[in-house]
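In this document, chain identifiers A, B, C and D correspond to the written order of the chains, with residue numbering beginning at 1 in each.
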Amino acid sequence: MKPKAFDYVRVDTLPALFVALQAHDDAKIIAGGQSLVPMMNFRVAQPEVLVDINGIEALRHIQRDGMRLRIGAMARYQDLIDSPQVRACLPLLVEALGHVGYPAIRNRGTLGGSVVHNDPSAEGGVALCCLGAELVVASATGERVVPIADFLVTTYLTDIAPHEVLTEIRIPVPEPRTGSAFREVAKRVGDFAIVNVAALVSVGANEEVSAVSLALGGVAETPVAIDVSRALLGRPLDATRATEAARLVDEATDPQDDNVAGGAYKRHLAGVLVKQALTAAYADATAMGA
Amino acid sequence: MNEMTTNRISVKLTVNGTIYTRAVEPRLLLSDFLRNELGLTGTHVGCEHGKCGACTVMVDGRAVRACLMFAIQAEGASVETIEGLAAGADSLHPIQRAFIDCHGLQCGFCTPGMINSTRALLATNPVPTDQEIRQGLAGNICRCTGYVNIVKAVRQAAAEMRASETGEGA
Amino acid sequence: MTKSTSKWVGASLARKQDLRLVTGHGRYTDDVSLPGMLHAAMLRCPHAHARIKSIDVSRARALQGVHAVLTGEDAKRYWGPLPPTIDIGMKVPTVYALATEKAYYMGEPVVAVAADTRYLAEDALELIDIEYEPLAAVTDTEAALAPDAPLLYPEWGDNVQCEWGMTVGALDETFANADHVFEYRLPQHRYSGASLEARAALAHFDAYNRKLTLYCSTQSPNLVRTLVAQTFRFPEHDVQVIAPDIGGGYGNKLQADAEVIPCLLSLATGRPVKWTESRQENLLSGMQCRDYVWYLKVAVSRDGILQGLDAQVYGNVGCDGTCHAAGAGKFLVAAAYVPGPYKWQAFRVATKVAVSNKAPSGAYRGYGKDIANYPLEVAMNRMADALGLTPAEFRRRNFVGKDEFPYQQISGPIYDSGDYAQCLAKLLALVDYDGVKRRQAETQGKSAKYLGIGIASMLEPSGGAVPNCIFNSYEVATVRFMPEGGVLVLTGHQDIGQGTETTLCQVVADELGITPDDVRVVYGDTNAVPYGMGPWSSRGATFNVSCIAEAARRLKTNLREVVANLWQCEATRLDVADGVVVEAGGRTMTLRDLGNQLHLWPGAFGIVPKHVTNPFEVTHYWTSPIASWVPDELGRIRLYSTHPSGSSAIVVEVDAETGKIEVKDIAIVDDCGVIINPMIVDGQLHGGYVQGIGGALMEEFHYDERGQLWNTDLTSYLHPLATDVPDIKCDHVISPSPYTALGTKGMGEGSTIMPCAVMVNAVDDALKPFGVRVSDLPLTPERVIRLLETSAVWRDMYGVGV
Amino acid sequence: MKFEGESRLKGTRAAVWHALVDPAVIERCTPGCQSLAIMAPDDFELVTKVGIASISGTYKGRMRLGEKVAGERYAMSAEGAGPIGTMSVAGVVTLADVGDETLVGYAFEATVGGAMTGMAQRALLPIAKLLTKQFFKSVDQLLAAEAPPAADEVEP
């Protein structure tokens, strides 16, 4: 299990990166490498040129900018989990990323790399779908901003061309009195999730749900956000409402069998976890003072 | 297409305090570099896809999988392997001592990675609960011990390291 | 049993090898490098069953840095078919370590490459073109035994590698008159040891010395030497096998299958060749185990007394369980031991072992004792439930009593000693059985978490003696007295993590009146040690300890004779303590002085009495007094030398919503006779038990009906992690064996034998409110939910849309 | 694993039919196709370079067309082997008029094998779907324009 030979280019700046990408047709960018290198070791991935962006300091920022958080594509999981800013304004992301792999994987792996890799139950992808993130994709000719839902094309495939790079993830900071929860079932700690669910629930003056966002992993080809607002808006969230939301999710998804679990089990689990996550997020929100 | 690339790139890094410069193929994994180029065979390879944790080493103070990094990516980095932990056979690190005292190893194959993960855990959490110990070591498979005595060893090491720090502080 | 002063036996001595292992200075096979060494890689068949139509290796051979590319047909120049490692009335196929006309399982090596680096060797594999004609494959055990099954070896006429059976007592009458007859079908899936260090072998054929040296990660260097010699028709005495530190074995490293391929490549290139099995290769073919189905019929009286047992087991050894590895024999062991620790009046068993298009079947911790334990211990709980008895009470009524030993079981074995009821009683206290049941009653229905507790008892026949195979029934070891008074123990036994490097020192220290630091155990080199056989069948504490203790005793006797001769006194007046020979109430001499006098000055002449043949060392042979291959009047043989026993319990919490099982508590009470090193014994119990938990909850080789293996990496073949298990409580009962030198018994496998049955019993107990019972393993969350979905109660509470 | 879909192609049923069974069109429109050799009528050997995100490598495969009913339907089977393992896709393609265009429907069964099965399987269905869509899109472009762009590696 040794990788096939490749040429290696290390870049320390974005302009240098673009030059490298222009120069090599079959270049593959390596960020944290925690998904890519295993695939290379298995020779499932056989890039001819590896462009290493680990040295680009400009991609490592974690920065609050008004009502959004800007995360550089090379920010590592552990940096995000430890970041006071992320902890303060995006507890959902912190909770989700705690489920990624193991300490040594989180020390190296990056949220940006994971989003571009696009595993169907990647915790980061699920959290970003729930949070309504936008992705900044740059090339030598400029940059474009893509909503997460459009970015995630299908399993292992994202809306990014060979000459482009993901530079930044922009996440809107949730409104006050927005609670969050992340629920996941995996076979063991650190395994691919069978199903995971991220929920954001905002409440109004009368404890009624004023906004809701829900995303799931493992039930489709990519992480998906599912609109359950018609089941929840305008009323306090109770077991009946949560069950109704789970029913909407069930209608909107058709989980397939894969090597992690059967579709029927994922469907059952989605129902259980959606109810749990919504209930917990609502409790989190109502616990916040008005 | 039969032409295999054998271009080598120079890499300079510090391993256990010694600076090494070597010309390596870009595809050479850090684990193979440490084992075969430097002869530091204490870093073990158990899966080569990041699941077993046997190859866990410290890179710039953080635990990482040596099988998921290319040696050239360690350019300029400081790597610490199990061989660098004790100054000699008579001056073991408290974690090493605790693994021996508590019978925290049997075949010993997971042990270097397990000890490095323990180092990383105790560096950020000097007073871990049992659950935190188990979480902190979840990425290191041990097939022999059932983890019982490993958890015990980490508990002992944590206590000893705290005690020696308090002692030094006093 | 003669018992010497035990100062060291019974002490939790820290292990000698730990210093090197915790500092990264251990030396495993892959750590060894030789000048000029090449690296091997193997191209493996992607089909479960295929005819090899053509192989084109020309492009691979042309790659710079590639030194040899060999196919099965090429290899016939160097070797013959793999010799059988076990053959007890079995059909032995003609198979090679590289496939020839046909490949029998997905992952079978077809082409072997030696190149300058492993990277290059793998590059070469991509340049090999093979044309296969896929053939119909069969993977399921019962399907393989069906009349219309595709045949692996058409010359056999069926897929049966072996069958065996016996009937003892009036079976039909017993069942006809029974108050209750219970029937069960209990299958178990395929999993394995999957040690963290996969297999590794470094071969060097030195043409100018006519010698083949093989560094190998094996449990038994001597067995590997014999098998390599037989495979290559090479003089055995010109083969040296060196087994350095071993990164786990658990039975999986007891063959010379792919291990011979680097030998082949070295013969072909004249250079050292190293093969380090990748994790993917290890999961594909690094020996797999379990995989069987039982049919059980049990006759029980209305007062809960077991009467008759009628059992059939169908085993699946993949493509072979004789030559690739010794897997077939475990089903015979299973058949002989299915009666367990209980008394019976009538017994019938039949076993049929099928070949199929899965990877070969090897040994794995338990070797049939686990297979014997699983169905009966699950059945015991289910029968107890039907009879209105607690699982413990039902067992108590049927145990062989502590005063009945030696007890000949209905199937033939002689149980040496034990106190099964005491083990169980201690277990119930250790796990607080009544307390758990109370909590269960209090919490049930209050949340989706359901508490359950399961127990089981076990027998761990250990110290196996298998006729007609290399796993024979003796052990030889040497204890050598050195000029400076120290002692070397030379043994074919291998430390694979179980700590014999230390425990044998404890044994010898006590026998010779020295300290463990005065002793070094030499092992892992066939040219340094006698032909002993290594750790399998938990034979370390039976064969090996007995052999070495006896050798040490004889050495001590010889040394006393020498000193008695020197001092002209009665040897009976002499003893050795703390490294000093002491005359009762008189003279003393350190062993160092004695060693000096014997070896250096004035030397042996004159000081060694005539009747002492060798004061320098004793090589001793030991075999079990109760193992026997001479069938009795009922055709029964006795394969095991001791019978350790025990009981264990698991407390689980099953999440009825997600299907996840949390293991809350584990308790084990073990009786392995005299304990040499309590710390090590408990370590074995912990580790073995967690391996069993792995099999019960997550480990599974998943082959589909085409014979494709779905989990070839550690994201899908799941070992238990630190977060999957709790601390483990251990306690002991000590029933010394009358048939070993120190009263010790084997103990490496017992804890792995029980967990599957205990887990099933615990989950059955937890899910009782839903009226379901476990039928298949492993109990993944998905499988638990599929089981619960059959319950109307559950569907009303937790089904989709509720 | 089954998947099905449909694709609307600019062209009459006859034109679409001729394009779909034409080895030259197949070579041009199969994503990543580097070469196509005709072994026998309706029996082709292809070398395809797959480059979808992380999964990359060269696959050698065989494609066969059969059960042809001109202008209406045909059966297609393809099998390939490469670094990820073996993959095979088999199913039926049907054609129907939609105004002056043609609706092409397909229903395929896809399987994987080889040592990468577990990992590959997670990506198989999405990739098979994507490649199929890509193929019909290329055929559509070919039909729509006289000088369509050659199919290259898959790009979203």
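In this text, contacts are C-beta pairs under 8 Å (C-beta built on N, C-alpha and C of every residue); 3 or more make two chains touch, one makes a residue touch a chain.
Keep in mind it's a predicted model, so treat the numbers as computed, not measured.
A.B. asks: More C-beta pairs touching across which pair, B-C or A-D?
C.D. replies: Ranking B-C and A-D by C-beta contacts puts B-C first.
A.B. asks: Would you mind pulling out the distance in Å between where the CA atoms of chain A average out and where those of chain B do?
C.D. replies: Taking the mean C-alpha position of each chain, the two centres sit 29 Å apart.
A.B. asks: Could you put a whole-Å number on the gap between the CA centroids of chain A and chain D?
C.D. replies: Computed from C-alpha means, the inter-chain centre distance equals 32 Å.
A.B. asks: In angstrom, rounded to a whole number, how far apart do the mean CA points of chain B and chain D lie?
C.D. replies: Once rounded, the distance between the two centres reads 48 Å.
A.B. asks: Listing for chain C: what residues touch at least two other chains?
C.D. replies: In chain C, the residues touching two or more other chains are 119, 123, 126, 278-280, 710-711, 713, 715-716, 721, 723.
A.B. asks: Indicate the residues of chain D shared as contacts by at least two other chains.
C.D. replies: Where chain D meets two or more other chains at a single residue, that happens at 83, 116-119, 121.
A.B. asks: Considering chain A alone, which of its residues make contact with at least two other chains?
C.D. replies: In chain A, the residues touching two or more other chains are 1-5, 42-43, 188-190, 259.
A.B. asks: Touching pairs of chains, all of them, please.
C.D. replies: Pairs satisfying the touch definition: A-B, A-C, A-D, B-C, C-D.
A.B. asks: Any idea which chain C residues touch chain A in the complex?
C.D. replies: Per the touch definition, chain C meets chain A at residues 117-119, 122-123, 126, 278-280, 657-660, 698, 710-711, 713, 715-716, 718, 720-721, 723-724, 780-782, 785-786, 798, 800-802.
A.B. asks: Using the touch definition from the top, list the residues of chain C that touch chain D in their complex.
C.D. replies: Touch residues, chain C against chain D: 44, 46-47, 106-107, 126, 280, 284, 706, 708-713, 715-716.
A.B. asks: Contact residues on chain B for chain A in the complex?
C.D. replies: For chain B paired with chain A, touching residues are 4-7, 9, 25-27, 29, 32, 48-50, 53, 56, 62-65, 67-70, 72-73, 75, 117, 120-121, 135-136, 138-140.
A.B. asks: Under the definition above, what is the set of chain D residues touching chain A in their complex?
C.D. replies: Of all residues in chain D, those touching chain A are 1, 51-57, 83-84, 116-123, 125-127, 129-130, 155-156.
A.B. asks: Using the touch definition from the top, list the residues of chain A that touch chain B in their complex.
C.D. replies: That would be residues 1-8, 10, 30, 33-34, 37-38, 40-42, 50, 52, 54, 78, 101-105, 107-108, 188-190 of chain A.
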